[in-house]
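These are the structures, in structure tokens.
After this come two complexes, each holding chain A, first together with chain B and then together with chain C.
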Partner chain A sequence: MSAVQAVDLKRTFRTRTGLLRRTAKDVEAVRGVSFRIEPGELFGLLGPNGAGKTTTIKMLITLLLPTGGSASVLGHDVVDDVREVRRRIGYVFGGDRGLYERLSAYDNLRYFSELYGVAPREQKARIGELLELVGLTGRERERVEGYSRGMRQRLHIARGLLHDPAVLFLDEPSIGIDPVGARELRATIGLLKEQGKTVLLTTHYMFEADELCDRIAVIRSGEIVAEGTPTELKQRVPGGRVLEVETYGVPEATVASVGEVGGVRSVAMEERGQQQVLILQCEPDAEVTQGVLARLGGVRVGRVVSREPTLEDAYVELVTRA
Partner chain B sequence: MERIGAVLHQQLVCYRLQLRVLSTSLFDGLLAVFFPLMFATAALLVYRIKGDPEAMQYAGLGAAIMGMWTCQGVIASSLLTRERWAGTLELLVAAPTPLSRVLVPITMALSTIGLYCVVATILWERWVFGLRLEIASWPLFVLSVLMAALTLALFGFFLSVTAVRYRTSWSLGAALEYPGWLLCGFLVPVELLPDWIHPLSWSIPTTWAMAAVRESANGGSPWADLARCAAIGLAYAVLASYLGRRLVDSARRNATLALT
Partner chain C sequence: MTSLRIFFIGGLMSYRAMFGWLNPWILVPSLVVSPICQILLFAFIGRSAGVGDDEFYVIGNALNYAAIPCLFAMGATIGGEREGHTLGVVLTTPARRIPLFLGRALPVIVNGWGVAMVGVLAGVLLLDVHVPGPAWPTILLVVMVASASCTGLGLAMGAVALRVRETAVLGNVVFCVLLVFCGVNIAVADLPGWMGAVGGWLPMTHAIEAARLLADGSTLGDVGGLVLRELGVGALYTVAGLSLLRWFEDESRRKATLDRN
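Entry: the complex of A and B
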């Protein structure tokens, strides 16, 4: 039995506009998503903003009803067996919210222990274990309002694990956390994997997915466009290489014309401070550097680097493909 | 038996922690301290002009419950909206515990704040205005006040569950604040209101609680009023419990849980 299974899962939202003449519009957020997660697996769901990651997770954790298809967690249907699903899952989302600011970390955990059915005599030991796991031992009596974002995020994970769920849903847990905090968080997620938890993780950070995930599905516009191990996904950038060109103030029209250079498969632009870095997916043996620089013309150019494709390149290729 | 014990333990711990949430906010604390006293002051200053001790007794009792109505009823109606703003609403709904059992300790914590308002107002009236309320039966008076707190919590519970589905329904509670002073007969007898408003007054348990408070203070029998108050409060609780389930399902269908 799979830990999580989604079969042709769909979710349509209806939005209404206008005051007197109300017009309804249907928006398909998730359009027939199917995947399986095996017990003990760490599965990544990657995709750009608005791709349908959070909507998919919310259907799996019973907070949203699907408008089509079906899904189950540990064999329990997410529509019909709501209580059974909720007993077996933990849900952690990223950001500052979701905790009682005026309570201490310990009291927050105590409150949610009660609501998530942790037996009173087990609570103290369980909370102690989890504080140790997320590295908050010694700070548990402080009010959450004084916590850093990284500490809050680790507290969120502890909260999600209170009732020892078999399946954990982590929705962009590292969003907005500094590099040190994010590293600590990845270590915590790694520990969960070692403990045999099944984890569904959504993230925007490719190195995070590459480091942690056993398998990854890339979702774009509500549909899964690729699925496989990180290595398999990297191989989807077929035998090519990547050219990175640092530019300053490059116009969009010029970026488009760079994409037309022979040997260039696709081009994406990334803002890095004052720089715009052009990331070009190229044919394996094509010599494109001269052609690209010629197209850039008077644009100021910094470093030009050629490298092997990463998971991020595979991701960009998958989500930007028409 | 063990299950009942676990539920009671859960309700007690959640009540204690929610009371901590409510009582550790300096801003909310100041509002809870000053609002009822200011309202009581305004009411007593108006009634004092007449120089009638009976009128002062009427206003004094009304002002005490009026503070409870403001501090407890209005906050209770925005209870789930506060959870939504804090980002905890989804976690509460996703918990295996039914939403009604999540809300009861929160509303009980609010009742405790409401009871504080009554005590603070009575002391204020005595120290500042020299108004010594004549209470014929203290046990019945205390019972009536406790019933007012309990049923007001249930009424707030009813208003708050509608906010799961309708994000702005909390404003209904806020909009009821000042009309409630008239509708519940805090400062003006309900009988003086137009006939067509009476059913609305009678549908609020606090109207009957206020009547019970007056009866017990004046030496009458508050039991009939207490019975009506309890029945209406219970009806709101049952309705809220039923609506809670229906509205959570509706919120899951219409994706309104996470919206702020």
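Entry: the complex of A and C
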């Protein structure tokens, strides 16, 4: 039995505008997503903002009803067996919110222990173990409002693990955390994997997904466009190479025209301080540098680097492909 | 056992979590000075207009002010969770909803009772009000019933917080309705028939009448009918609140209403 299974999962939202003359519009957030996560597996769900990652997770954790398809967690249907699903899952999301600011970390964990039905005799020991696991021992009596973002995020994870769930949903847990905090968080997630937890992780950080995930699904516009191990996904950029061009003040129209150069499969732009780095996925043997520089015309250009594709390149290729 | 713990311990912790920001410098003026001011205002209006006596206004307004914690705290206990993004996490727990939300009402009832009793005591100390000694225990009980009944209405308001964010604004409107329709400053019998009829279906109305009778020397047996009616009205709003909570939670799953403004 799979730990998590989604079959042709769909979710459409109806939005209404206007006060007197109401007009309704249907938005398909998730359009038939299917995947399986095996017990003990760490599965990544990657995709750009608005791709449907959080909506998919919300359906799996019973916060939203699917408008089509089905899903189950450890054999329990997310629509019909709501309480059974809730007993078996932990849910952690990223960001500052979602904790009781005026309570201490310890009291936050105590309160959720009650809600998750952790036996009173076990609560103290369990909370102690989890504080140790997430590295908050000694700080547990402080109010959460004084915590750093990284500490809050680790407290979120401890909260999600209180009832020792078999399946954990981590929705962008490392968002906005500094590099040291993010590294500690990855170490914590790695420990969960060692403990045999099944984890569904969404993240925008490709190196994080590459380091942690056994398998990854890439979701774009509500549909899964690729699924496989990180290595398999990297191989999705077949024999290609990547050209990175540092530019300063490149207009959008010029970026689009660079994508039309022969041998260029796709182009994405990344802001790095004052620079805009163009990341070009290229055909294996194509000589594109001259053509690209010609299109850039009067734009100031810095370094031009050619390299092998990474998971991030595979991701960019997948989500920008028409 | 789990549900009992969620009701008592969870309710108290949730109350602390939502209202831990209230330090005494805010709490004392809002829950002590304000009701006393309201009592004094209406008592002196009554005196200068030559209608009613101090006791009428003290009991009416003291009980009416219990509505502030009962309505606003109950609304905030759910609305505040939504603002703090903890509601989604709470709703993904397997905790049974009735003890989860009713437990939050318990500290609110005690809070409302305390506010009302401070008002009554202030009236006795500052104005020309005499409550006979034997009446105090029964008045304490009736005020508790009023507070519980009003918290039922607060629960219904809190349920609405699952759908809309403006429960504080709604709380002001409801407080005003209670002030006018419940016989706080004008006896229900002196209100137009339709207003009196509306008042009969609102919390506080029967408890205010019962407390006035007790202060005038009636026994608990004499006002038993009024107390039972007050309890009935409170139970009605509590059931309505729990049903609304269930309905809005289901609707939030169907229509993603928790994510909307």
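Following the convention adopted for this analysis, the second predicted complex is superposed on the first by the 322 of 322 C-alpha atoms of A that agree within 3 Å, B and C clash if a C-alpha of one lies under 4 Å from a C-alpha of the other, contacts with A are read in each partner's own complex, and residues count from 1 in each chain.
Here is the rule we go by: contacts are C-beta pairs under 8 Å (C-beta built on N, C-alpha and C of every residue); 3 or more make two chains touch, one makes a residue touch a chain.
What you see is a predicted model; the values in this text were computed from it and never measured.
Q: Please determine, from the superposition on chain A, whether chain B and chain C clash or fit.
A: When both complexes are placed onto chain A, chain B and chain C end up clashing with one another.
Q: Between chain B (first) and chain C (second), which, if any, makes contact with A:63: first, second, both or neither?
A: both
Q: Thinking of the overlay built on chain A, is A:117 touched by chain B (first), by chain C (second), by both, or by neither?
A: After superposing on A, A:117 lies in contact with both chain B and chain C.
Q: Report, in rising order, the residues of chain A that make contact with chain B in one complex and with chain C in the other.
A: In the superposed arrangement, which is not itself an observed complex, chain A uses residues 13, 58, 61-65, 83, 86-87, 91, 95, 97-103, 107, 110-112, 114-117, 120, 159 for both chain B and chain C.
Q: Within the complex, which stretch of chain A touches chain C?
A: Touching chain C: residues 13-14, 58, 61-65, 83, 86-87, 89, 91, 95, 97-103, 107-108, 110-112, 114-117, 120, 159 of chain A.
Q: Residues of chain A touching chain B in their complex?
A: 13, 58, 61-65, 83, 86-87, 91, 93, 95-103, 107, 110-112, 114-117, 119-120, 159, 163
Q: For a test of understanding, state which residues of chain C touch chain A in their complex under the given definition.
A: Spelled out, the residues of chain C in touch with chain A are 2, 5-6, 9-10, 13-14, 16-18, 20-21, 84-86, 88-95, 100, 252-256, 258.
Q: Could you pull out which chain B residues touch chain A in their complex?
A: Where chain B meets chain A, its residues are 6, 9-10, 13-14, 17, 20-21, 24-25, 86-88, 90-97, 102, 249, 252-253, 255, 257-258.
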